[in-house]
Every structure is written in C-alpha cells, then in structure tokens.
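Each of the two complexes below includes chain A, the first together with chain B, the second together with chain C.
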Partner chain A sequence: MTAVAEGLAGISETRSFEEKPSVARRSDRIRLFIQPIAVVVIVAAVLTWVLAGDLNANESETLNLPTILTLTGQHILITLVVSVLVVVIAVPLGIALTRPALKWLSPVFLAIANIGQAAPALGVIVLFFLWTGIEGLWAVSIPLIFYTLLPVLRNTMVGIQQVDRSLIDAGRGIGMSASGVLFKVELPLAVPLILAGLRTALVLAVGTATLAFFVNGGGLGELIDTGYKLQLNSVMYVGAVLAIGLALLVDWLGGMAEVWLSPKGASE
Partner chain B sequence: MSLWQYVAERWDRLSLQAWLHVSGVVQCVILAAIIGVAVGVLVYRSSAGSAIATALSSTILTIPSFALLGLLIPIVGLGVTPSVIALTLYGLLPIVRNTIVGLAGVDPAVSDAAKGIGMSRVGVLSRVELRLAWPAILTGMRVSAQMLMGIAVIAAYAKGFGLGSEVFSGLTRAGSANSLNQALAGTLGVVILALILDGIFVLISRLTVPRGIRD
Partner chain C sequence: MTETLDQPTEQGVSGAEIRLEKVTKKYPNTAAPAVEEFSMTIPAGKVVVFVGPSGCGKTTTMRMINRMVEPTSGVITIGGQDALSLDADELRRGIGYAIQQAGLFPHYTVAQNIAVVPGLLKWDKKRIDARVEEMMDLVGLDPGTFAKRLPRQLSGGQQQRVGVARALAADPPVLLMDEPFGAVDPITRGNLQDELLRLQSELGKTIVFVTHDFDEAVKLGDKIAVLGDRSSIQQYDTPDAILANPANDTVAGFVGAGASLKQLTLMRVRDVQYHTDEVLAVGDHERPAAVAEKLTKAGRVYALVLDARKRPQRWVHVRELAGRQDLSTVGKPVGDSVSVQSTLQDALEAILTEGGRAVVTGNRGELLGTIDIDTVTSVIANVREEHAGDEA
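Then we have the complex of A and B:
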C-alpha cells in the first residue's frame, strides 16, 4: 500500500480493500526508481532554462538564483519543522494512547485528529492567521502540525495494536518488563507502519507548504503567486515545477526511509 | 457580528457557493470514476499494468495542488477549466486503485463459471466482475469526494467555483469587519458539506451494493 493511500485511509476506511502485496510492492518500486530521475531531469531543465534563458527585466527580478534558493529554503524549513514536531508529538502520544491505562482516551484523540484532517488545509491556515495575527513560519507550521498529525498518530496506534498478543506474552514470559516489551518488541514491530505514516505526513507537509505565502510564510508558492499576479507565465512554471520536484523528492526520501529503516523481518 | 448573523445575512450568496462547491466536486468525482474505472479495467489483468497505473496515480497525488494550478493556469487560463482538470486528476488515484483491487479480488472460479455458462468477455466483466468490484469502486469514489472537497478550496484561487472563494476573500480583507466570519463560514461550510456528502455515499452503497456481497 502506498503512503498516500495510507493517508487517505484516514479520511475513510479504504483499508478494507487491500492491494495484492505484489502489485503494491511493484508500484512502490517503480516510484522509488523513477521519481528521483524525474525530479533531477525536470529541475535541471527548468533551472538551466531560467538561468541561461532570455528573461525580460520583470522576470529576472523574481527569477534569480538567490530568490529561488531563499524560497526553496523556506519551503524545506516549513516541511522539516512540521514533520519533526509531528513525530515528536504523535509517536509518544500514540504510544501513550495504546497503554492500558489510557486506552479509553484513544477514540477521543482519533476523532479530533480526524476532524483536523477533514477540514480544508487552506481554511485551517487562513483561520489560524486571522484568529491569531501571527505571520510567517509559525503561522503555517502550527496549523499544519494539527493537520498532518493524524497519519502518524493513527499509524503508531494501529502499528502497536496489531502486534501479535502472543509475542507480548512471550516477552513477558521470558521476564521482560512492560517497558522492555514496549521498546524491544512492540515498537520495533510497529516501525514499518509508523514510517508509512511519516511519509504521508511529509507529503502533506511539503504540499501544503506551497500555501505558506498566503500568510507571509514564503515558500515556492510565492513564485507561483507572483507569476500569477504579474502575469509572468515563466515565473509560474518555475515555481510550480520546483514545488512539484521538491514534493516528489520528499516523498522519495520518505519511501527510502520506509525501505531502509524498517527492521528486517518486521516488514511484510 | 456573530457567525450566525453573518451566515443568515449572506445566506443567498453562501448557499449558492455551497451548492457550486458540492456540485463541482460531485461532477469531478463522476468524471474521475469514468476515467478511473476505464483505466482499471484496461490494466487489472496484468500485474505490471496495475503496478504502473497505481504508481502513476500515486505520483499525481504527491503533486501539491497549488503547484498543479500554477502549471494549469498558463495553459488553460482561469475559471472552471483548471479547477475541473485538477480535481479530476486528484480524484483518480483512489478510484483507479480500488477498481484494480476490486477487480483483482474477484474469485477466478466465479469468472470461470460465468464464462462456462456461455457469457462473453464483456458480459463477464460488466455483469459479474464489475458488480462484485462495485463496493471497492464506490469506496474509492467516496475517498475521492472527501479529498476533493478540500482541494476545491485551493482551486478557487484560479477564479474557480465554490466556498474556497469565501476563504480567499476573507484572507484578502484580513483585518476588516467580517473577514474572519467569511473565512470561517467558508471553512466550516466545507466540513459540513463533506460530512453530508459522505453520508450520501453511505446511503448509495446501502442502496446499490447487492445484499449477497455486503459485509
């Protein structure tokens, strides 16, 4: 199952219809192989075109290397801040909510996270801005954390809950403590699902970071908006292509993390 | 002015935008379903084809919607066209994927039996396999619809339709009276409409999924 489909399952229960593992694996492999190549080719083509091309004065004012680098940097920073904070919040929360003492709370948190994701991302960002008046990095990061929390939280909980009861009993049986079982048995077995959730969160974060400029947070969306307002198609193309390239790259990194960080034997 | 007063006062405009929002999303879901099921039918027998179709549609879904708009506006201009193209493309993945999963999940013995009683290839597909895959396809459409409700808000940037334009004009008028109410009405409207639409999908599945294959 692909990461994004995993995320979609949060909106509704697609999980009842599972792909054949062979198809899922193969389609993942195609993406892991093709995506980086596509990114490099597209981005290189666009940057050569921009930096070597004949731009008029208006265009070269926005399309120069320093501007592009700054906006890309802001875009990456938003993605990083959101993803790191989502992991820091969602994984411990997911673990806590699967402990016997707090289990009764888990439907409440899942419901809140579900509502968070059902709301339109742009609406959440704009409302947060209008409510608090905060601008810039945090104006986009805080609502996005709320928005992207669900996949990681849900996958952490599902990942831990699906661990075979007999393995936990076996762990306790050989004398491991409850926390020993958690860290040496339950969490390692949940890692593949947590990573799939993280990949979804990364893709959501890098995608919605394109909307950051609406609240003065910069990012590559700003190039698209500038191009739109000044009617400079070249600027729009560059912004769009770079944003797409970055999203595909981030998704690819998430996919690689799924492949390399999953404990051998725990996946599939 | 409270949100309720605001909504009551602008009810005509808001209800029109709400209607346009839902009707646009539903039309794009139907369009995506027609294309998605066709693609699914074409590829489901080959596992390489299924993998490529799934990979391609997942990649489309990775593209940020605002970036896709940035590519579409210079090509097709403003208005309804870029919104419809973007929404239909994003709607494809869940439908393509679930069509493939649904069709591949049909018990080969059932298809063989249908062939054995003399049904043609098309007959087996349309009267047996697609009907058995229908719950999966419908779930795909339901997921698409939920996703498109949110993406349609962003698509309103290109002078598209629906409640997104309320969110945008609330943002442009930030600081002035009612800007928050306007953005809030747009956002809450989308959430409420998405819930209602989801309920309608549940109802459709109750009415159209044959009793024999209900869970």
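Then we have the complex of A and C:
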C-alpha cells in the first residue's frame, strides 16, 4: 500500500458513516413504535368497557370471549390465507413478467390485476359466490386474492425493474448466471418494494375480510352485522374497534417486516 | 476459470494474449454494423486503451471479448483458446470486469463484493477470506476498517478501488475496464490511474481499457487504439508514436491541441540528458571570492550553493559575490526542483517558475544536475524525427 493510498483512504473516511434519517423515515419509526401500543390500549379499553358493563341477554350471547376469539380467529385466517396465496402467486408471476421472454405479457396481467382492484370487493365476493355457490373461507379468500393481487404484482415488477441496470451488467460481467443475478441481486434489491406491496395487500385483505359474513365466511364483520340487525350498539362497537385494531396491527407487522427483512444498503 | 486459460510464464506477466479476427457485431434492424471486421492482437501483459468518440463502438468491441455482447461473426481467442466455444458464464469468471461507477452490489459488504467471483469458482471459505484481505491490501483499503462496510458508506474513489479488487479477485489473466474512472473527480481519478499503473507493474495483466479521455489513454496505455466509426482502427500504436505522428486527421483531431505537451508527460527526467556542468559552491567552506573566480573561469554568471549534504540551496549571481564575507545569505533560494522520476512536464513547469534552469535532485534531495528549456525542446525534436518515418 502506498502512502498516497493511505492518505486518500484517510481523507475520504471523513464521509459520514451514518446518514441522517429523513423526516419521513423518522415518522415511520415513531409510528412503528406507537401504533401497536395505541392498538392494544384502545382494544383493551373497549373490551373492558363492554364486557365489564351490564349486558342484556342478546348482547351477552355474542359479546363473550369465546365468540369474539372465534370471529377474530376467522378474520385472521382469511387474511393469512389471502396474503400467503397472494405472495405465492404474485411474486413468481411478477418475476416471470420481468424476464425478457415474457415481458410482452406484462401489460395483460397488469390490466387484469388493475380490473381486480378497481372492482368493488363486495361485488367480486358476491359474484364469485353466485357463480360457484361455495360458501365460507374460500368463498371470501379467492375473490380477495383477485382483489389484493395488484399491489404485490406491480411492486414485484417495479421492484425488479428499478434495479440499476449497471448492477445486472456487473453481475453478468463477472460471471454470475442469469438466475444467480436474479436471486442474489435483483430479488434482494426488490424486497423493500415487494414488502411495501405486501403491506398494502395485507391491509386491503384485513379490511375487506369484514365482508366475509355475506358468504358465511365469519370474521369480525359478523359482529357489526349482528349489532346492526339487532340494534345492539355495543356489539357494533366491539366489531368495529376490533376490525380497525386488527388492520392497524397487520399494517404494523408489515412495517416491521419492511424494516427487518429489507437488505441493508438496498435503499437510500 | 483461470485454469482453463493459458498463462504465459514470462517473468512478471500473468496476462494472456487476446486476438480478435474480423470480429463483427450487427444488431438486427440496423443498416450498418456496430463493429465491422475488427482485427487486433492485444499482447500479453500489456495495457491497451481503446479510445474514440461516443458511439464509435469501442465499448461494444470490448464487451465482445467477454461475450457480454455476442459477436455476429469473427474469431476471438484468449491465451490461444477460442473464447466463443466456452460457456459464457465460465469464460467471464476468468476475465476481470470493472465498469463505470464500480457496479458494486449495494446490499453486499465490501468483502462480500470482492468474494463474488471466488465464490462462483467454489473456492473454500478460508481461501476466499485470505484472498479478500489480500485484494483489499492490494488496492489500498485497510481490511479492518472497510471489509464490513457497505458500498454507500464509501467515497466514489474507494468504491472504484473495490471494483478493481473484485475484478482481480480470482486472479484472471485478462482485465476489461469500461471507463472505470469516468465518474470520479479529477484528483481522485489521477490517483486511481497511478494506483492502476502500480498494480499493473506488479501483476502484468493483459488489460483492455476503454475511455474517451485521450489524456487518460496516454497515461495508462502501453498501446493506444484510436477508433473511429464502426470501431474502425484509425491508429494502433504506442502513445509516443501517436502523439508524435498521428496517422490521419481523425487521430490528429482526437489527440487535440498540445500533442507536444502531452508527449512531455510520457518522458521522465531520468530518460534525458540533463546538465551537470553547473558551477557549485558548498556554502560553509568556500569564500565568495573563490566562487567568483570559478565563475569567471567557467564563463558563467550563476553559481549554485549547496549545503554540506549536497542539497541545492540558492542561486548566486556573480555580482552579488563582490564584497561578501561568506555565502550563507547571498542569492535567491532554489524554488521548484524536480527528481529523476518527475515527468518532463513537471520539469517544464519548474523551468518556467524558476525562470531558466531547474534543479534535478536524487532520492535524498542531493544535486544531480540541472535542466533547462533547451533540453526539453531537443527531446521533443528527437521524438518527432524518430517517428517521422513510421507512417501508419
């Protein structure tokens, strides 16, 4: 090592090691910290208020812990099934559509996914039920997959397309195979965007899962429905607050995944 | 796959000869080929610089060597082996590749970036770790400080060093460099060029270097290929010969104004005959009157005063000597001096600042002689004469 090199290395070390997080990033961090606490506090408050109060017979039939847990469980299951299947379908599809051989197909699939998202979720669920006659979990999950596919599909494609071409050139140039570059460079660098898409999809799924009761799919929508039909405000409160709390919690989990699963150095 | 490529055992040369024969690249739906019947032999262990205007096909030509661009027709051999018959990925693992802005993987640490090719070649972990450390030392980055850093935590120049280290990690006989220093500031670029020359003097790789900066080509190239449209070779010769005698107007245009000044950057003071006939005076011992006498005898007006260790101190005019008791304060201090390693360009600069003769010193600062404008002009005249005959 020459003196020049040493000097140079020394000088350029003054470059700051830690970059200052942007305002947006800071607000994100605060949100990731506060959001779960707020959710837990509000849900606990509402549940204590309702469950500890005087409930009439109608109310206590629905507002008991086993029922609430079952409905919440159903809601989570729908969300889980939808998100897992969306990832399983949309990520490989998104990757395939960015390969040179299949690029020409990408407008077609993006159009389909766009239509899926533009159509009202309830309409899609009801139509699917009318066509197939199935009820329950799958009757709501399959239409919701269609409905929530777009963010993950589009973000997978954009995530891969936005990877600097020179990195792919460098990877191929030093002897990495096409699949090596895909799995070691393109996909890891697309992970932040894919996760952002998944977070959006999750929030959509957990929100629209409240419509599952229309096709006997259960979920927290049933509380709201029962409360409305029987004019029991307390039941509606619990259903609404739990649905909102669950959505915020899922959003928080998505945010955590973005923070922890994104490769270091991938984003600016 | 360094093993698959023949490596000449000539001392200090680990590179392999590259031959291109009538290599053509034609893209579909274009009238003219991007590269047309390009034939060239790139000698083992030499730096050949492709230089030419943007869009002339120099990068395409270089990228055909590692088949990042597949030639439409023609033959390419590296170390005697047909490059077009090998698996492209394996071929590339045996050819170093460095590009503009380094192309480092942002989610890999410096060490991981350097380890990519050895990893592809399935080296064991211990050997890779040792090699990464060796490479970082080679390019002047302290492994302890930088190994675990991410590329974005490095300056542009440091990133470029890592890029070079990554290209060299598997010890390939051939290195392709596509404007690797194009995106860094001029000072850093100069340093990186110096580093590359130092590395090359140790390693003796065959390097194909693409740039549009003719000065960079002159500084780095053992040979320069000036390329025109469709990668046509306008002139392929040593920097010296191209500067002294451009083959045609295209080359002359590319060389630009100041060819003679550029020529000065190629030659070092040790290569020329500098003056050793100054009248000298060792400051502490000699009396001014004796020095004046020496000057008169030699027919000169200036004497050079040295200190006890022969280091030049001051120029003294004969008129300043009259009536002086000692030499310790008279005269004008020596300003700019040059060493034997300095380029003639540095020497000219010193001559101009000193206003006549510049002092040439050795490694310990001792006087070796002086150099003046006549030395420089006669050197340029000689070079021109030498190359006047070799029309391309």
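In this section, the second predicted complex is superposed on the first by the 243 of 268 C-alpha atoms of A that agree within 3 Å, B and C clash if a C-alpha of one lies under 4 Å from a C-alpha of the other, contacts with A are read in each partner's own complex, and residues count from 1 in each chain.
Basically, a residue touches a chain if its C-beta (ideal position, glycine included) is under 8 Å from a C-beta of that chain, and two chains touch if they have at least 3 such contacts.
From a predicted model like this one, the values you see are computed outputs, not experimental measurements.
Touch criterion met: A:220 reaches chain B, while chain C stays clear of it.
Once chain A of one complex is fitted onto chain A of the other, the partner contacts of A:174 are limited to chain C, with no touch recorded for chain B.
When the two complexes are overlaid on their common chain A, residue A:131 makes contact with chain B while staying clear of chain C.
In the superposition on chain A, A:34 makes contact with chain B only, not with chain C. Residue by residue along chain A, chain B and chain C are tallied for touches, and B comes out ahead. Shared interface residues of chain A, touching chain B in one complex and chain C in the other, are 2, 4-5, 8, 12-13, 17. On the chain C side of its complex with chain A, the touching residues are 66, 68, 89-97, 99-108, 116-117, 120, 137, 139-142, 145-146, 150-155, 157-158, 166-167, 176, 188, 191, 194-195, 198.
Chain A contributes residues 2-5, 8, 11-14, 16-20, 22-24, 26-31, 34-35, 115, 118-124, 126-127, 129-131, 203, 206-211, 214, 220-221, 224, 227-228, 233, 236-237, 239-241, 243-244, 247-248, 251 to its touches with chain B in the complex.
Chain A contributes residues 1-2, 4-6, 8-9, 12-13, 15, 17, 166-167, 169-177, 180, 184-185, 188-189, 263-266, 268 to its touches with chain C in the complex. The touching residues of chain B, counted against chain A in their complex, run 47-48, 50-52, 54-55, 58-59, 61-71, 73-74, 93-94, 97-98, 100-102, 104-105, 136, 139-140, 142-143, 146-147, 149-151, 153-154, 164, 167, 170-171, 174, 179-180, 183-184, 186-187, 190-191, 194-195, 198, 215.
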